[in-house]
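Chain lettering (A, B, C and D) follows the sequence in which the chains are written, and residue indices restart at 1 in each chain.
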Amino acid sequence: MAADPKDTPVTDSAGLLEASGLVKHFGPVVALRSADLRVRGGEIHALMGANGAGKSTLVKILTGALTADAGTITLGGRTRSFHTTSEARKAGLVCVYQDPSLLPDLTVLQNLKLTATPLSTFKRYLVELGLEGFDLQTMPRELARPTLSLLDLARALAIEPQLLLLDEITASLPADLTVRVFNVARQLRAEGRSVIFISHRLAEVSALCDRATVLRDGKTVGVVEPAQGGEERIVKLMLGPVADLVAAEAASPTAPATGAVAVEVRNLKAGTLNDVTFTLRFGEVLGVAALEGQGQQELFDCLAGVRRPEAGQIVVGGKARTFRHPADAIRAGMVLIPADRLQALLRQRSVRENIALPLVSRFSRWGPINPRREKRQVEKAVKRLQIDTRVQSEVRRLSGGNQQKVGIARWLVGGFQTLLCFDPTRGIDIGTKRQIYGLVKELAANGSAVLLFTSELPEIQLACNRVMVLFGGNLVDEMPAAEADEQALLRAAHGLPAEADVEREA
Amino acid sequence: MAALLVAGFALVACGGSPSNGGSTATKYTVGVSNTLTGNGWREEMICSIKAQAKASGVVSKVIIANRTTDAAGQIADIRNLISSGANVIVINPSDRDALNSVIKQATDKGIVVVAVDQAVSEPSAYVVTNDQVAYGNLGADWLAKKLGGKGNIIEMRGINGVPADTDRHQGLTAALAKYPNIKVVKQTFTNWSLDPAAQQMKDIFSSGIKFDGIWTSGIDSTVVDQFQSSNKPFVPIVGADNNKFVQELATLKDKGLTGAAVTNPPPIGGAGLAVGLATLQKSHSYDHVIHLTPQVWDNTTADGAAKLAQTYDSTLDPYYSVAFDVKPYTTYTKQDLIACQGPG
Amino acid sequence: MSTRAVTTVRLVQQHSILVLIALLVALAGLIEIIRPGAVNANWVSNILEFAAPLGILAAGQTLVVITGGIDLSVANVATAAAYIMASQAPYGVTRGIVLGLLVGVAVGLVNGVGVAVFRVQPLIMTLAMGLVVTGSLNVYSQAAIRSVPGVPAVIHAMGSATVLGYVPVSLFLWAPLAALLIVGLRSTGFGRLLYAVGDNLEATRLAGVRGWQVLLANYAACGFLSAVAGLVLAGTVNAADLSLANILLLPSVAAVVIGGTSIFGGSGTYSGTVVGALILTVLNSVLTLLDVPDAVKQILYGAIIVLLAAAYTRVLSPE
Amino acid sequence: MATTAVAEAPRMAGMRFGRAARRYGWTVAVYALLAVLMVTTIIIKPDYGAFEWNTLTLAALPLAFAAAAQTMVVLSGGIDLSVGPLMALANVLALRAMLGHDLNYSLGVALIVLLEVTLAGALNGAIIVLTRVPDIVVTLATSFIWAGLALLVLAKPTPGIPLDVQNLAQGSALSPWVPNALLLLLVVPLVWIPLRRSRAGLAIYAVGSDRNAAFRSGVNLGLSRVLAYSVGGFFAACGGLALSMTTGVGSPLAGTYYTLSAVSAIVLGGVSLAGGRGGILGVVAAAYILSLIPAVFIYLGIDPNYGQMIQGVLIVIVVMIGGLGAVLRRV
């Protein structure tokens, strides 16, 4: 069973964890060339890097999920090499991932038993994370994702780890829950324990972390203190030579558009979504801001034909539509880019087949494919989105950003009028993120309509002309992007009366 | 404990055989248990039981338990037939010994149990079988004689581990012991399926194995077909009394096919029922064990050729046996068998 | 790992069929060692003849496995189609063939409805349909005992005749069918959708595909191909009995998997299945010619399949 | 997805019943179906008594064990096509060693046979884990291996299981209504319940449920899968011994028919073929249902060929009812 972490030798605050010269190959692919990471006792240390820089591999090696080909790891002064995750746990090193690792078909209690997690400490951390009174007989299958993340975190904390790794855990957490995670991390730091924090959100890193190690192409390229205006440096280090290019594209809020009406939503009701009415015009990017679970999922699902509304109308092209299947929505020109890219992609199939999928979706198109025409169309989309197709064979071998681009490229080929982007940049690095927002704006500029939900409030201004805020299933506010700074959005998203209104009128 | 057991049996005795006495005294219920489906021979056997039941005029109902299962499943089926009030149970046993205790239970209640096709070792049962050891023995003996006591033969068996296969192999081995110069150069298992038999035959052709005769455990006309489609000269072939093989023996003689059909009549089922009903009515007293010795129909003798030509039936399935009755036991007509209808 | 080794591994991975063909050649070599001279033109012709029904049966199975399913009723369907064809042939050969094929399509459609519309696990749906088909066939056979099931000459010729001495006629059916399937899977919309549905049903839904249509059509196609296989098999052995193709059920699955189609769906090729069917047929040939007790043969058969699959899995996924 | 973590906690209490219904509903339904079938049987056959009940328990015993074996493997996300041949192996090993010996010696033999076949099951699992070949292929291949071994052990069906051993399964020592076969079936819960509660048992569910999450939870994936196959081997051995006891013979082909029936039984019993979901109790009831149906057909005097059709249709209907929910939810 898990050893009491206090057994591990007391560390001098200079170096709790020292990993140096880590190398990892996967067959012909090099995931880590030479990664170094030094974490002091009592610090929150960020691990930064673009997608594919080697962060996940490094985390897996540290937690014993993978073994390095070369390099050394010392924890508390002792050289260690973990072969299983439970060995790492016993040494006080534990990781919480973006996708919660609770088993869906075991009750929470059984999950705890499986990992030999002490119940009393677990319950204590549940309280700290705001889940007091939680029923341990629940099955994770029945729970919402943010809850799962918190449970997973509490389970990790329950063994009182010396070093806690948080691998993009905030990517799928709403802002209010993120705050709780931060508080717990700071508390650990106060107790002299350490946290490795991985996130694509620079704001979070600078708010929380003492130092940041930046990886690029499997190598450690620098250690930065983000608090002292280090954000720019981190971005530069992460992106390398590309950084300047991205900086040049720096976005500015766009003025509201006045195109024809693309979609009119009238009194839409579905699940949490409660009586929402709005209009989306061609040529504009309409942002949706909301905390987790305020009805935005239902809104997008209804518009994309994934679920049926309980009441209300969706009017497209002047006609009220009933979508029984996504195919109906697609025929009306409405297409969805979901947050989880793997939900939309065929992982084992090639980039080309993935992008060309809408071309064969209808029964009437089941016949022979014109390979030349298909190739031309796919290549055009690939070029436009700058998809890295070095690994042509299977989509699962692409980085997250490139995968999301494939998901979008599909509709450039398939054709659409209204793009429904549901948190399309979740867990994607800054470079790709900006590219995607750039593309969204470009599509709107060329006459499409875009409805965009993002869980990263600061980025709404990057892409949108106009923002509407959902709270408790209702549309509570609507503002031009220029006014939608983070504070204003947060206040509205929490359902607070908007002082901003007063200022705006003034 | 003993008291409990006795009580249990008493209960069972009361509950088990409701229709034995009283109004149905003159009409009997017949139970049939068979454990291989999708097999022409077995289907024909069941039809013969139905036909005999109808022809006998004393049977009111035939209940058939027929599914592909093993001894354990057959035990359950027989027990259920006991529960259904059968007066005679005809079984094609899946095992010689495994059914003994359930058979004993049945005969203790006065039910007449007849094992057909294959034997059971329970002495209270009647056994009416085609003698499978003799089947192997007679066919192999004919083949060895035909080859003049010298030469290589191929033995194409059925399913490894099945009693009938083991018995036939035993008979064959015993017969060949008398012919030291006959050698089995290849032994295959056809699983009594057509496709493996066909491929095995063609593989043997192309491998250049020298052979002078073939003994088959019933997949016979498929072997003849392979000679024809490969344009190979015929060697003597031993098979069963399957309709198509009988036809081939009768008609391909001038193309050089010599062979013998060893009889293995499916109407053994009907014969078994006849024995069972006679025993029940006490109209005739039979021995508990009746072995039908197979006949060998040889297309090189006048008698054999005549028999072959006479029994071939163009209206019958190629892999059905040509034997439609087992005299003197069965009393139905060929039309009854083909109609495959029980009483009622 | 050196660059050259890497390139070789890549090459082999991208052309996994080469590995399979090498295995096939190795098995043929084994036969030649067991019995020198056994591997000749005649032998090759025999292998093709007996691989054809299995290959066609496994074609339907391949389509289903690509969509992440499995069809345990293929053998029952093949048997039923062959038996119905043979018993109806006296009333007209065409009628027999058409009815046989119709049975295949009908059973396939029912499987498809269960799997695609009612979301029943394919394994249990097809297992149960297998029972239904066999039971119905037995009932039919008793009703049809008065008509003689006879394999018409044209079917017999298709299943077992040869042209130019060595080329089996069934190859003229199987080869175009194989070409159609290989090309069709790669470059028709339907083929693409089979992979897509097998890879990620939810994703295909979001892309506007009505998955049930694809699955329904696919199971019907599988039923049709199974029926064709049954007819060819009846021709090969020149008879149709009530358990004709049952012995090919497990090989039909084995051929697909040995051929490199993932049992979890989303990837695979029919060319692999073709070689898989050939390998299994050659393996039968090896066992016929090997002079060891039958029990040992069964053990060898199992061991060789595991070794083949293991070698193949090792070479193709070095991670 | 619609609720936040905060909103979730207070609503929990009222959801318990619905949750229990969702989680155990299928098992309850299977037992209800069994009850309905039993009542129907008694209506059809008013003199249904201890003899018939004994018939049912005897017939269900080997199938229940085979289904338990399959359940273990399927829960871990695999499938075992060699359950039948493993039963045959246990069956012939038992005969070879028990022939001509007394009860105590035979019980010792039984333990050794259980161990041997458990190891054979473990070997199935080990091959799958080490070669990374899909379960269905490995067990398809090993089914030939075990069948061949069984034939090597015993070339043909042979009687000779000591009578005392046979009596362990046949007859009813306690009461006519408590057949010995029913008592033997207790092996299933005796193994299952402690296993289900242990970490090893949870790990078997874990690998079947989500391999990635199981790995991150520190579960040894390979070992857990091997364990599942081993316990599967153990239950298969129990099934083989049950056949020895009910038939008194050893047969190299014993058990052959149970592989696929076991798959029907587990699906009917509510075990998801995708792994990780379901339990063994429903499966036992399903084994009884599948053994009762042929009996009912015999009582009714139905043509057995129709019986086979009806059984297939019944299975289709039952599994379709499971899918009907999905259909309705989508519309």
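One rule holds for everything that comes next: contacts are C-beta pairs under 8 Å (C-beta built on N, C-alpha and C of every residue); 3 or more make two chains touch, one makes a residue touch a chain.
Not measured: the values here are computed from a predicted model.
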In this assembly, which chains make contact with chain A and also with chain C? D
Averaging C-alpha coordinates per chain, one finds the centres of chain B and chain C separated by a number of Å equal to 33
For chain A and chain B, what's the span in angstrom between their mean Cα positions? 71
Geometric centre distance via CA averages, chain D-chain A, whole Å: 43
Nearest whole angstrom, what separates the Cα centre of chain B from the Cα centre of chain D? 34
Which residues does chain A have that touch at least 2 chains other than itself? none
Overlap residues in chain B, where contacts from two or more other chains coincide: 37, 160
Multi-chain contacts in chain C: which residues touch at least two other chains? 134, 138, 142, 262, 294-295, 298
Every chain pair meeting the contact rule: A-C, A-D, B-C, B-D, C-D
Taking the complex as given, what residues does chain C use to touch chain A? 1, 6, 9-10, 14, 187-190, 192-193, 195-196, 199-200, 202-210, 213, 217, 262, 266-267, 318-319
Spell out the residues on chain D that touch chain A in their complex, using ranges where they run on. 1-10, 12-13, 16, 19, 23, 199, 202-203, 205-206, 208-210, 212-220, 276-277
Would you mind writing out the residues of chain A in touch with chain D in their complex? 65, 84-86, 89, 95, 97, 100-106, 110-111, 113-116, 130-135, 137-139, 142-147, 150, 174, 176-177, 271-272, 291-293, 295, 297-298
Chain A residues touching chain C - in the complex, by the definition given at the top: 25-28, 304, 306, 325-327, 329-331, 336, 338, 342-349, 353, 356-363, 365-369, 371, 393, 410, 414
Residues of chain D defined as touching chain C within the complex: 81, 127, 131-134, 136-138, 140-145, 147-149, 151-152, 155, 260, 263-264, 267, 272-274, 303, 305-313, 315-316, 319-320, 322-324, 326-327
